[in-house]
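The letters A, B and C name the chains in turn, as written, and every chain counts its residues from 1.
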Amino acid sequence: MDAVLDFFRTYSTTIAIIGVSALLALSVWLTLYAGQLTLGNAAFMGVGAYVSALLGRHLDTPFPVALFLGAVSAAVLALPLGAIVFRLRGVYLAIATLAFGEIVRVILLATPITGKGQGLNGIPPKTELWHIYLSLAIVAYVLWRVQGSTIGRAWAAIREDEIASASQGIAVGRHKLAAFVIGALIAGWAGGLSAHVTFSIDPSDFGFAKAVQVLVFAVVGGIPNVLGPILGAGLFTALPELLRPLKDYRDIFQGTILLLVIIYLPRGLVTFVEVRRTRQLSRIGAADVA
Amino acid sequence: MAEQLYNAVFIGSIYALFALGFALVFSVLDILNLAHPTVFMLGAFIALFVIGTLGLPWFVALPIAVLVTGLFGIALDRVAFAPLRRRGAPALSSMISSLAVTLIVVRLVELRYGGDFITFPAGAVPAFVFRVGDATFEGIRLAIVVLTIALMVVLTYVLRRTQLGRDLRALAENPRAARLLGVNVDRAIAATFFVSSALGGLAGVLLAFAYNTLDSKMGVPLELRAFTVMVVGGMGSLPGAVIGAYILGFGEVASLVYLPTELRDAFAFGLLFLVLVLRPTGLLGQKSRDRV
Amino acid sequence: MLLETVGLTKRFGGVTAVDRVDLSIAEGEALGLIGPNGAGKTTLINLISGVVRADGGTIRLAGSDITRLPAHRLAALGIARTFQGVRVFKGLTVQENVLVGRHTCMRTDVLARIVPRPRAVSDPHRALALALIDRVGLGRRRADALAGELPYGDQRRLEIARALAAEPRLLILDEPAAGMNPTESAALRALIGGLLLEGLTILLIEHDVRLVMDTCQRVAVLNFGRKIADATPAEIQRDPAVREAYLGTEAVA
């Protein structure tokens, strides 16, 4: 028993980060499920992080409220962005959301209240592990159940063929926007949680590198199954820790594993945990997105 | 003022050289090669190796660096892209595999040279200045501009007048038809990657010479700007990429005058975003049509 | 009149794909639409189904102007269609495809899904989907097969089932018989006949002239975007202008 507690104590930050990464991966997963490739969720995470941290610091907002407002701010920001970019497809959408993410990062860098380049420090460690994993469980459960609902089917149809979907009565624009905004909401929530675990945040935490990392989690984990992004996040966040003995060679191993997975496992890591019931949807790879 | 202009043209040229390679791969193969900034960095470091470790002069280092990065490009394709092409994987997978390669290569370079800024050994890099009236200009930047323009001319010639160029354009239009028509697709793809990476490597060496510094992350700022350049000029259009590069170069230098330094990056991304929203096809790109 | 178009026009760049076409379909009628390749038939139905926007003219559904409405609104108003190059949702199963077709008849059930409850909520929709899958000849045993793995002819049938799932007032079929053998097109003919008996209105584009002549009460002929004839099948067959339009191609005879 002691050993288990010890384990948790040593690795609690890592476990927390895995949970947050998984939440982020799910937020990207959702948009991918609706056929949209977005690289903006790191920025939404940043918005959630900064808003919740600043509210806590300057207005003494209670933690849950701050988290909530952080997530909502991200969602509110996603609305106009989604409306503007939903006409774009594939690579263009990816680049547009990436550009947006970078613009947010730059604005964060330039605004005094955020502490600019120094970032925000001394954020109280209010997040407990159970906050993170409860959120993860709820989000994962809801997304899993939504797959089989009218909206979930509509998203899947949009991913497959937008024109045919419209002809079946699906309001494509509205549905894409919904996926986008909900994704931003989840990312913002994750950002708020993350800020109160890592004590300090700065704009570079939420830039291109992060956006790509989150995308990798989702894609490598696998699209068809909600489990995929969670696995992806888990593996690639835990990996640096597991590979610590390799020290300087860590990145090389990570890169190699990433390369091998993307080339030889078209459906992602989920291949290893295929569940019978999801056989139908699990045939879809990242193929139908980009 | 003249110095600003000179800088803008120089920066634009570097962007153009970098973006050309990037756009070439995109236009022929429809993939975003996210390892391109890596060959940029690699070119500079190979030059450093040749000069610093092998003790050879810069005019030997330059062609060696270009050649080696070109070959690296071919290897990159074999390892990261070809297997995905074979099974018809989507563009997203190629982006990620090139990302993985980047991770590996950057780390390897850092293992040898560390992650900090490095300068070339004293006197190794050609440096001369000339004065026009009150202003001072660094000669190497002029050389770079001239070289860039010369390369663009050569590339245009190759694409329009040679068999290889025709093959590449056929491949860009319709890979299946190209194969059926007898185009040696594998050779054409290898050539594409060789040229693209060689250009990227060349850009890296030249930038390193011009600033006399290099570091493992030098490709990153260029990568993001390459997106802007391609989108502004029109995805898949090579002349467009060049025009976009100079527009960005001039725009950035101009915005430096009016905007605080932190917001400098904002110009590139703001422009990118604006173009995507108002005119996604850019200046010279083709409209993609959704056929029913 | 269930559907009427007046002066409907669509231009693509310099080409006028649909040139001031007047068309009308009465409720319960089957109208055939024929014409040489490139005559503008698919563009015309793209206009009617809201996939492309008209440059001129009006479209009326049961008297209301629907010209400017987007595709998904038209689906809700009762216009369903199939596509010339089959557009099933390849990554979804047969049943899921048809359920997507039910979209306009379904209320959003997200909350019901989140709180676990027995399947009762969606049962009637699933039952209907299975019935349609049977009806078009696919067989409910295949309900869990991936649409993308079906043979071409089956994908066509799936598209029809999906279109019917919306309980449309007007069903537009774009070359449903392409690539079908005689047995299959006979089955298709029977299906269309059955649908007509149930009061469905059908607009049928086909190159299989026999199918058109056998199932449709009226036939309109397009050539170069203009309507050159609109009459009963028998009259169309005798029309010299129609013959000329088809000069060289397979027969109106």
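Here, contacts are C-beta pairs under 8 Å (C-beta built on N, C-alpha and C of every residue); 3 or more make two chains touch, one makes a residue touch a chain.
Computed from a prediction, not measured in an experiment: that's the story for all the values here.
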So, comparing each chain's Cα centre against the centre of all protein Cα atoms, which one is closest? A
Applying the contact rule given earlier, which two chains have the most C-beta pairs between them? A-B
Would you identify the chain whose Cα-based centre sits farthest away from the centre of subunit C? B
Using mean CA coordinates as chain centres, what's the gap between subunit A and subunit C in Å? 41
In whole angstrom, the CA-centroid distance of subunit A from subunit B equals 30
Starting from the mean Cα coordinates of subunit B and subunit C, work out the distance between those two points in Å. 49
Residues in subunit A with touches to at least two other chains are numbered 163, 288
Quick one: which residues in subunit B touch 2 or more of the other chains? 292
Taking each residue of subunit C in turn, which ones touch at least two of the other chains? 51, 83
In their complex, what parts of subunit B are in touch with subunit A? 32, 79-80, 83-84, 87-93, 95-97, 99-104, 106-108, 111, 220, 224, 227-228, 231, 235, 260, 262-263, 265-266, 269-270, 272-273, 276-277, 280, 288, 290, 292
Given the complex, residues on subunit A that touch subunit C span 141-142, 145-146, 148-154, 156-157, 159-161, 163-172, 279-281, 283-284, 288
Going by the contact rule set out above, which residues of subunit C touch subunit A in the complex? 49-51, 70-72, 75-76, 80-81, 83, 87-93, 96, 99-101, 103-104, 106-110, 112-114, 116, 144, 146, 148, 162, 166
Help me check something: in the complex, which residues belonging to subunit A touch subunit B? 37, 84-85, 88-92, 95-96, 98-100, 102-103, 106-107, 109-110, 116-117, 162-163, 208, 212, 215-216, 219-220, 248-249, 251-252, 254-256, 258-259, 262-263, 266, 285-290
